[in-house]
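Note that chain A is present in both complexes that follow, paired respectively with chain B and with chain C.
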Partner chain A sequence: MNIVETKDVNFYYGDFHALKGVSLDVVKNSVTAFIGPSGCGKSTFLRLLNRMNDLIPDMKLTGKCLINGKDIYDKRVDVDELRKKVGMVFQKPNPFPKTIFENIAYGLRVNGIKDKEFIRNRVEESLKGAALWEEVKDKLSRSAYDLSGGQQQRLCIARALAVKPDILLMDEPASALDPISTSKIEELIFTLKAEYTIVIVTHNMQQAARVSDSTGFFMLGELIEFSETRKMFLNPSKEQTQNYITGRFG
Partner chain B sequence: MDKAMRHFEKELIALKGEINGMWQLVLSQLQKCKQAYVTNNIELAREVIIREKSVNSFELDIDKGCENFIALFTPVAMDLRLIISMIKISTTLERIADFADGIARHVVDDDNVASETMKEDLKIEAMFDIVISMLSDSFVALETENSKLSGTILQKDDDVDTIYEEGKRYLADYILKDPEKGECILNTFLTLRKIERIGDHCCNIVEEIVFYIDAKVLKHSKGRRSEQKIENNEPEEPK
Partner chain C sequence: MSKKLSQQIAFWIFRILGVFVVGILLWILGFIIYNGIGVISFEFIFDAPRDGMLKGGIFPAIVGTFCLIVGSMIVAFPLGVMSAIYTNEYVRDGKISKFIRMMTNNLGSIPSIIFGLFGMALFVNTMSWGDSILAGSFTLGLLALPLVIRTTEEALRTVPDSLRVGSYALGASKLQTIRYVTLPAAFPNIVTGLILSVGRVSGETAPILFTVAAYFLPKLPSSVFDQVMALPYHLYVISTSGTNLEAARPMAYGTALVLITLVLIINFSASLIRKHFSKKLGGH
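Now for the complex of A and B:
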């Protein structure tokens, strides 16, 4: 079942045509990775999925972008509600200057939840979901800044999970982390897909190969190829994809 | 870190499971082929021929699994050596199964006209037993990642070669004495030759296991092979 469907999406930053007729579907409870050289449009496309590009001046979008069958760019859509359903984790861990507990609880409180028991349970559940609970359960009142970079990133993932999203967008979530922390994030991505749909942008092709079910290759704003990851890395259909993943690009 | 490796390791364990399954099948093919040849059991020989297709399927599945693993996980060091070894071992196992199929076909086609006395003189049953134990021991070596067993297995191939050379001389003498039995002798020689080749293939498997475990290349070097025989001659567990 497709949770995301985009049809002929074009996106412009002023005169710059950043995405050119992108159409793709994302299957529910799968991991989809986007790869491609810098400036190819993969992050732009990712950010379209929870309307993070709305604040960019002179942006223009054409085409359809549906989540759960609904056009997320419809005027009646509440963007805050959309972002609850479509969470995002960024390249650099960005915890709030608060305690570990409050980092998770904050999102629940701003959504009007006051029940302390409920919040406590959800914090624990989210930290467990992000494979961080065992490491922080005895120091929930410590500052989030006391955590390592890898732990901070998993805290950000826990924060995104706390509001029970359907989709988790990840923009190069491990590029600022060491190999061990990267492995933990990758394994987490693999396990999270049982409950969530994950869309990840990565510069690391091996990471895309390791964690994703489907991969899209972008170049100069075009979606060159979108296929099952095994196929993409074993026998890509397009010569451009072959050249990129084998390092012959450019 | 342990948790982080789970997905990668699960895939590797699944691949090892495939190769173990293939190994057990080929071992059983070889045992049945021996039984069919020694007792002239045509039904059993037919069973070996039918099951050959399953061995081929295993080889294709393992090839595909290894290709996917390399493409998706870019293995390095010991994991890379294991994948390379698995590709080669599965090809070798398939060839061993081909020989078992070939011997079974001799039985079915009634080419197997060697008398009981000739079979005994040629020590064919003993030869079968040695190559079966080589294949079985090499499975244990991979399962337990114990390259110390390699010397013993390589040593056994010398015994197979000795029986083969003696058999060749016996058949050469026989054909001189009774030229009318030329076809029978030729078919018996082909069987003898196939068993001898199975022994060689078991040695190739051992070389791959040593490459995987110790990163040592024994291939195409009699000197290194001899050293391996001397240095890694772990006595067999009493049965």
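Now for the complex of A and C:
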């Protein structure tokens, strides 16, 4: 079943045409990776799905963007509600200047949840889900800034999981991390797939090959090719994809 | 001339200028301390003036200045912080925020005596609060407002956008983001800026001249509608309008010393508060 469907999406930053007629579907409980040279529109596309681009003045969008069959750009859509359903993890870890516990609880609190017992359980569950619980369970009241970069990024994943989204968007979540933290995050993506649909942007081709079920290749705002990851890497149908994957440009 | 030599000459010029600035500061401080320390005593701090203000102390003026500091903080804080939040978080780089910023800067360059006149017209007369702590606090608060707005805006700007965006991504509204992420993260710097601004205006004479300051009033205030003595005005009075100016000199330097010490304590506590909070937040 397709949880995300986009049809002929065009996106503009002012006059700049950043996405050109992108149509793609994302299957529920799968991992979809986006690859492509810098500036080709991967992040822009990702931010469309939780309407983060709304924050940019002068932006324009045409085409259809459906999540669970509903047009997320419909006037009646509550953007805050949408963002609860579509969580996001950013390139650079961005924990709040609060305690570890409060970082995770934040998403619950802003959604009006007050039940302490419930919050405590959900914090533990989310930290376990992000494979961070064992490392932090004794220091939940310490500042999140006391954690290492890799731990901070898993904290941000836990923070996103705490509101129980359907979809998790990850924009180069491991690019600022060391190899060990990176492999931890990759393992995590693998286990999260059971419950969440994951869309990830990465510059690391091996990473895309390792973690994803489908891969989309973007170039200059166009979705050049979108197919099953195996096929994409073993036998791409477009020459541009072939060239990019084998490292002839990009 | 070799590159190395010219660099060294430049370096020495900077060093001399630096020492010069610090030197002037120390000289002023030293001068005030040297001349004022002699009259500082328990009586000077905790007694009311008497005998044509040549004897006794300056306690009513200390209390008065303290009231005005607190009062102007109460006026400037909510107004200044809300206005800074509006320009920095809501309208951001639009025309409106540019306009507001320009007006704030203009407000900040108006001479303080004009604030005094305005305060007298509006608070003392129109609102008929009379010469009072209330009128003085509002006048000083208005004077501090541009500074408070500017420092609050700076504090808000040091909060990285990644935090705001991270908050929105969890489904938080703009107001929730400001309330629970942006403001707490900026809080230490906001408070520091506020205290520094108020410390800055607490030494002003012109704004309180027509709005609150009493020439001689040994009684302590009992409500916000009372007049008070204030340190800067008291200093002005005993240095210019006594019957025996020579005899009043030591009292004047003592008053100056107390005023300077008060401002230094305020500045010092501002940096303590900042340290305290940034430690609590994990030193970011």
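Note that in this section the second predicted complex is superposed on the first by the 249 of 250 C-alpha atoms of A that agree within 3 Å, B and C clash if a C-alpha of one lies under 4 Å from a C-alpha of the other, contacts with A are read in each partner's own complex, and residues count from 1 in each chain.
Everything below uses one rule, namely that a residue touches a chain if its C-beta (ideal position, glycine included) is under 8 Å from a C-beta of that chain, and two chains touch if they have at least 3 such contacts.
As the structure is a prediction and not an experimental result, all values here were calculated from the model.
Student: Return the chain, chain B or chain C, that is in touch with more residues of chain A.
Tutor: C
Student: Would you sort A:187 into first (chain B), second (chain C), both or neither based on which partner it touches?
Tutor: first
Student: If you stack the two complexes on chain A, which partner ends up touching A:29: first (chain B), second (chain C), both, or neither?
Tutor: After superposing on A, A:29 lies clear of both chain B and chain C.
Student: May I ask you to decide whether A:10 touches chain B, chain C, both, or neither, giving the answer as first, second, both or neither?
Tutor: So A:10 meets neither chain B nor chain C here.
Student: Taking the superposition as given, does A:240 touch the first partner, chain B, the second, chain C, both, or neither?
Tutor: A:240 sits against neither chain B nor chain C.
Student: May I ask you to decide whether A:206 touches chain B, chain C, both, or neither, giving the answer as first, second, both or neither?
Tutor: In the superposition, A:206 touches chain B alone.
Student: Examine A:145 and indicate which partner it touches, taking first as chain B and second as chain C; both and neither are also allowed.
Tutor: second
Student: Would you tell me the residues on chain A in contact with chain B in one complex that are also in contact with chain C in the other?
Tutor: Looking at chain A, the two contact sets are disjoint.
Student: What part of chain B is in contact with chain A in the complex they form?
Tutor: Chain B residues touching chain A: 1, 3-8, 67-68, 71-74.
Student: Where on chain C does chain A make contact in their complex?
Tutor: Chain C reaches chain A through residues 160, 162-163, 165-173, 176, 180-181, 184-185, 281-284.
Student: Report the residues of chain A in contact with chain B in the complex, numbered from low to high.
Tutor: Per the stated touch rule, the residues are 131, 180, 183-184, 186-187, 190, 206, 209-211, 229-230, 233-234.
Student: Report the residues of chain A in contact with chain C in the complex, numbered from low to high.
Tutor: Touching chain C: residues 50, 52, 55, 80-84, 87-88, 90, 92, 94-98, 106-107, 109-111, 143-146, 156, 159-160, 163 of chain A.
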